[in-house]
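Okay, so chain A shows up in both of these, paired with chain B first and chain C after.
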Partner chain A sequence: MKIRSMQSPLHSLYKLGFFSLYSVRLNLIVGLLLSLGWVSGHAQGLTVQLDDSEGNPISGAVVEIILPEEMRSTYQLSDETEVDQLDKEFVPHISTVVSGSDVMFPNSDDILHHVYSFSPISTFNIPLYGKGTQNDYSHRFSETGVVEIGCNIHDWMLAYIYVAQTTLNSISDDSGQATLENVPSGTFELRIWHSRLKEQDIAMTQTIEFVDGEKTVIEYTLELERDRRVRRAPSSNRTRYR
Partner chain B sequence: MIFFANIKKVSAAAALLFLSSVSNANEFYTLSLGGGQESNLPRGIDDFHELESTFVRAAITAGKRYQLGLNDSLTISGNLGFSRFNDLRGFDRVALGIAANYRYKFGFGPFAPGANASFIYDVENTQGQARDTEIAQFELSIDKRFQSGFTLESGIDYQRNYTNDLDIDPAVLASGSDLVNRLSFELFDFESLSVFAAIDYDFLNGWRAGVAYHRINGFTVASTTKPWLEIFKISNAFYSDPAFPPEDFAKPWFGYLLETNSDQWEGALSIPLSMDTSIDFSINWTDIRASNSRDYENTIYAITLTFSL
Partner chain C sequence: MLAFGSFRSRLSFFLLCLLAPVLGGIFYYVNRNNIEYTEETINSYLELGADVFDFTRAQQAGTLQAITNSLTWDFGFRTAFASNDPATLFDAALNVLDRSIGSADMLMIVGMDNKVVIDTQLQGFVDLSGSWLSLIEEADASEDGLAEAIVAIEGAPFQLIALPLYLPRQVAWIIGGFALDQNFVNTVKDTIVSEVSIIRRSNEKDLEVVASTLSALKQQVLAEQIAINTIAVDRLQRISLEGEEFTTLTRSLLESSSGGSQVLAIIQRSYDENNVNVIQFRTLLIEFYIVIITISAIAVGLLSRSITNPLVKLASAVQKIEEGEYGKPVAVNSRDEIGDLANSVNSMARGLAEKEKVRDLLGKVVSQQIAEQLLNNPVELGGEEKVVTVVFSDIRGFTGFCEGLRPQQVLVELNQVLSTISNIIEKHNGVVDKFQGDAVMALFGAPIQSELDARNAMLATLEIVKAMETADSRLSACVGVNTGLVVAGNLGSSNRLNYSVIGDAVNLSARLEGLTRLYNVTNIVSDASKDAASDFCFMELDEVCVAGRSHAIKIFELLGVLGEVSADKLAMAEAFAEALQAYRSKNWDLAERLFSQLLTSCDNVALPKVFLERISHFQISPPPDDWGGVYIFGKK
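What follows is the complex of A and B.
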């Protein structure tokens, strides 16, 4: 991860070591801008802009603020969500849930799918099932971390479920922006994860101080590896020998 | 006649396949359109007999995939295709066929190896009976994805060609062949066995490059205007080649069946234009060695547009 720009009037704070870095590969940004609109005494915002080395926005990255244990209960709202299977793809490709949440895996295709996870934090397997079946099935994700979901019939199908500690998480959109509102004041760890981050960066962390009423804007440049699985158009068959 | 009988059988099978697939989204339809150039269409042995031609071809495939269990599946498909050779129209052909592929996957995930058993049955019709043939092909292979982009496949392939019994060919007799101790007339009645290995690499942008190698022990049908003694000695069959009709060629051409060992290399690049369409470039080079130590070569350049319907 590389510095892209320094936009903040508080740049000097960075130089003085106001921020601490926990990732070896982390070459901090950072822009910290005073928010133009005062929200409330305790409601801070965070916007993270993620781009690749060519300046293209990176979508599908998860940004999470790691709160100390005593503060988590306010933001631990487990929920029920679903990862559908549509046109031989998992929809959505990336999901975030709070630990303790249930996820359903309906099949909206007219064909069979076979959902599985080998991920250590949650290993499961839903054998062959078709449309309208297994609608009641849900799997509870109790441990935090990342769960990789695959289909054993269609190898290119891939989904990630990011099991977060709290609701203070967001997924970057097509413009590469992940936004969090109502961040409490204090100094917390910011974690960034993307499925194609290089192994040593698989979850990057950085400590950031959130000051009352300030909106923090951070820009990162990430280096991503290739997709593990690529769905592609069919190619013509090889020639028969004569 | 055998062709039309088989056409009916295969058509019926293809129609059933089509109808049975309507109710299930596991079916697939593929249309491919292409063209290219083949350097030695008659498999001629020297410059005079090495005739090249550009070609266009089209094929449509309809198939259906059945998931049999947790780890195995069966794919059945029907195929109709034609090839037109612009400079040697006698090689034009229509092919109709069916194929079945059984696949077993050893375990879970994209890196689990797979084993495949395939049966393909094609009927090919040309402008003359001597080149009409039915092809039954059995193939066993294993494949494994080693990294995100690399896939390796290797296997063995048995191909059996059948043809109709042909009438006595006056031109063959006129060429000096003895009617009693004559060679077989059936050029496309032979079998071949090959081993092959193929490696594909998927680039990050979706492009796929592949190289395949086949080592083939089998037969080759070559054509000549000079049926000399050496050809009679090494041939297993000999007949007038209908690909060279008298109205277009002053000299008669004869086809002869040779026992051969071949090395075939194929390089291909497939560029996806969308999730359902790709354009493929391929080069196929075959070095054919006959028992008289003569070498025959053929190179095919092709570009194909494939649509998944």
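What follows is the complex of A and C.
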């Protein structure tokens, strides 16, 4: 993982797109305000722009700020969420939950699915079930980490559940931007995860100082591995068995 | 030029000359094309076989992939893998191999860290290296994570496939493999009906036949051949193994990057199997040829027989004609040239028969020699002068002999006698000129002259005389012999000719025959004839001047061949000569006395009587003074 524009925001001026230009401008404004000694309390924002080495935006990446343990409780709001199975795909493909949350895996298809996970933080499987059944089943993810969800019938079906420590996480959108509001002031670790990041990169974190009232804009260039996935069987596009 | 004993062999030879190059040429081209065609067929079979080999290998690889892939779908296997339980995974892998019915022989699971998790072949290494690592790297680099390779496991080449294990993201590599072993080559051979050998070359000269459908001996020869000659991959070649020709195609299954080791699949098809076809076809062709030649030979036989049979008939007919048989015409019923020839031969035979008839008749009417003379020379009037001995023979006592016989019987008897005389004359090369009643005129020296003519005439005379004496006691011959110049030739008119002789000598001969009665001798020979024939004993009878002749001649009686005449006769002849001498010297008394003595001593009483009569006549009217003893006959 390369981190650019941290020490040289001006340099990034030439590299950023429209939103980045805006961010840089904001950055300059924040810097100006900071120099005047004007502080606005707990409302710092963070925008992370993720691109690959060829400048293409990276979507589907999770950005999380790792808070010290004593600060986490404010942001640990466990929730209930669901990963649906629609047209032989998991929807959504990537979701984030705070540890301790329950995730439901309803089946919206007319056929049966066999949901499983062999991820070390949470191994489970829901043997073959159909639409309407297992609706009350939910799985609680207590440990933080990434869970890879598969279907034993449809090998190409793959979902990632990012189990975060706190709600201070975000998934980058199609423009490669992940945005967090209300980040407390202080120096924290920033963790970036993507399914195609190299293993050792996932473990890497970056320490960032968040200053009161200052909008932080960070741009990262990530090196992604080639994605090898099981191809969806062409015949599986048929909605019905026959 | 070749000499042929028979027309058939000539015809057969030419037929052979005609057939042999045609049949030979056909045989050569058909056989060559057949061999080429079957070779092409074999080659195309082999190329097809090689394609099927590739296909089979691809299909086996596909089956392997399916088997290996199905393993990754097994939730139990996934669970076992997730639970990091190698023992269970090993059992599961063995189970899969067991269920693959020989389609898979080995399984290996390799972690993403390229460390072996399980290996059914128990090769013992943990970290992948060499070909194994290359396989995984190749799979990793590919779009769908698949890679194939042939890797040697403990010397035996294995067809391997590597594919990822998803859980649901890739967590490991699964490598499946099947051995390219004897089972494999046997299976492939069943499919492509060609010999298959898998050969591993670990370095330039170190070759090992891993598996082969060839016999052990051929495998060894094949390995030696490949060791010597660098074998071209994917190109047809001809290799001889233990005397059997193989068309050969080589596939490189594994070529290590370092160039050291190599695995080759050698696919071969024997030419022998199509040799069977070639031989079968050749045999068929030869049988066909035998039939053609047999039919041709029969045709030639029939054809030549249709020609030679009439020819043989003609030849035998001509031979018979040569022998004088003209009676049987040749029976040839064909309208071709041979028929024409047969007709010609038949008409020739008829012509010859007619000529022979003429000749025969001529020979009977005239003498054989005259007939020949007439037939062989142009018949012309006129003749040539020749010295001929003319023999006139008459039968004395024939009239008395015929008394009381009917004319028919007379003719029979006469013909018998004349035949005897004719035969004697012909035997001594004389020619019977004509018959006149019971008289025969014969020629010695015409138409063919010889030095022995006079001698032959003498011998014939003696034999005729003797024959007549023995034939009947009532008969005796009287023969006149004279030699002289005559004209011999065809006499008569242009329509009717007669080969004969004319001249004074003929007349004299007839006169001499007439004189035999006077002198009561069997023969009288003129002095000309006597001079012409030596070796004979004569007795002078008289000196006469016959009617119509101006000069006298001495006449003699032929006594016999010199030395064969009896002493009595010689003594008598001597006494007669003495008496004749006295007679000529007009010593009438002595002559009379001597002739009178001869009347008692001589057999022929009539002879001295002739002279005694003349003496008594001369004693009354003596002859003129110049008389030398010649007696002149006044009339014929």
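Here are a few things to note about the model shown:
We adopt the following convention: the second predicted complex is superposed on the first by the 189 of 242 C-alpha atoms of A that agree within 3 Å, B and C clash if a C-alpha of one lies under 4 Å from a C-alpha of the other, contacts with A are read in each partner's own complex, and residues count from 1 in each chain.
In the analysis below, contacts are C-beta pairs under 8 Å (C-beta built on N, C-alpha and C of every residue); 3 or more make two chains touch, one makes a residue touch a chain.
These numbers were taken from a predicted model, which means no experiment stands behind them.
Of the two partner chains, both chain B and chain C are touched by A:D155. Counting the residues of chain A that each partner touches, chain B and chain C differ, and the larger count belongs to B.
Contacts of A:T123 after superposition: chain C is touched, whereas chain B is not reached.
Of the two partner chains placed by superposition, only chain B is touched by A:I111; chain C is not.
Using the contact criterion defined above for the overlaid structures, shared-chain residue A:R231 touches chain B and also reaches chain C.
Shared contact residues of chain A, touching chain B in one structure and chain C in the other: 114, 116, 118, 125, 150, 152, 155, 228-231.
Across the complex, chain A meets chain B through its residues 109-112, 114, 116, 118, 125, 127-128, 150, 152-153, 155-156, 226-236, 238-242. Within the complex, the chain B residues that touch chain A are 24-26, 30, 32, 34, 67, 69-71, 73, 105, 108-110, 112, 135, 137, 145, 148-149, 159, 192, 194, 198, 202, 204, 206, 208, 212, 214, 216, 218, 220-221, 262, 264, 266, 268, 270, 272-278, 280, 282, 284, 286, 300, 302, 304, 306, 308.
Note for the complex: chain A touches chain C at residues 114, 116, 118, 123, 125, 148-152, 155, 157-158, 195, 228-231. The touching residues of chain C, when paired with chain A in their complex, are 72-73, 75, 78-79, 81-82, 143-145, 164, 166-171.
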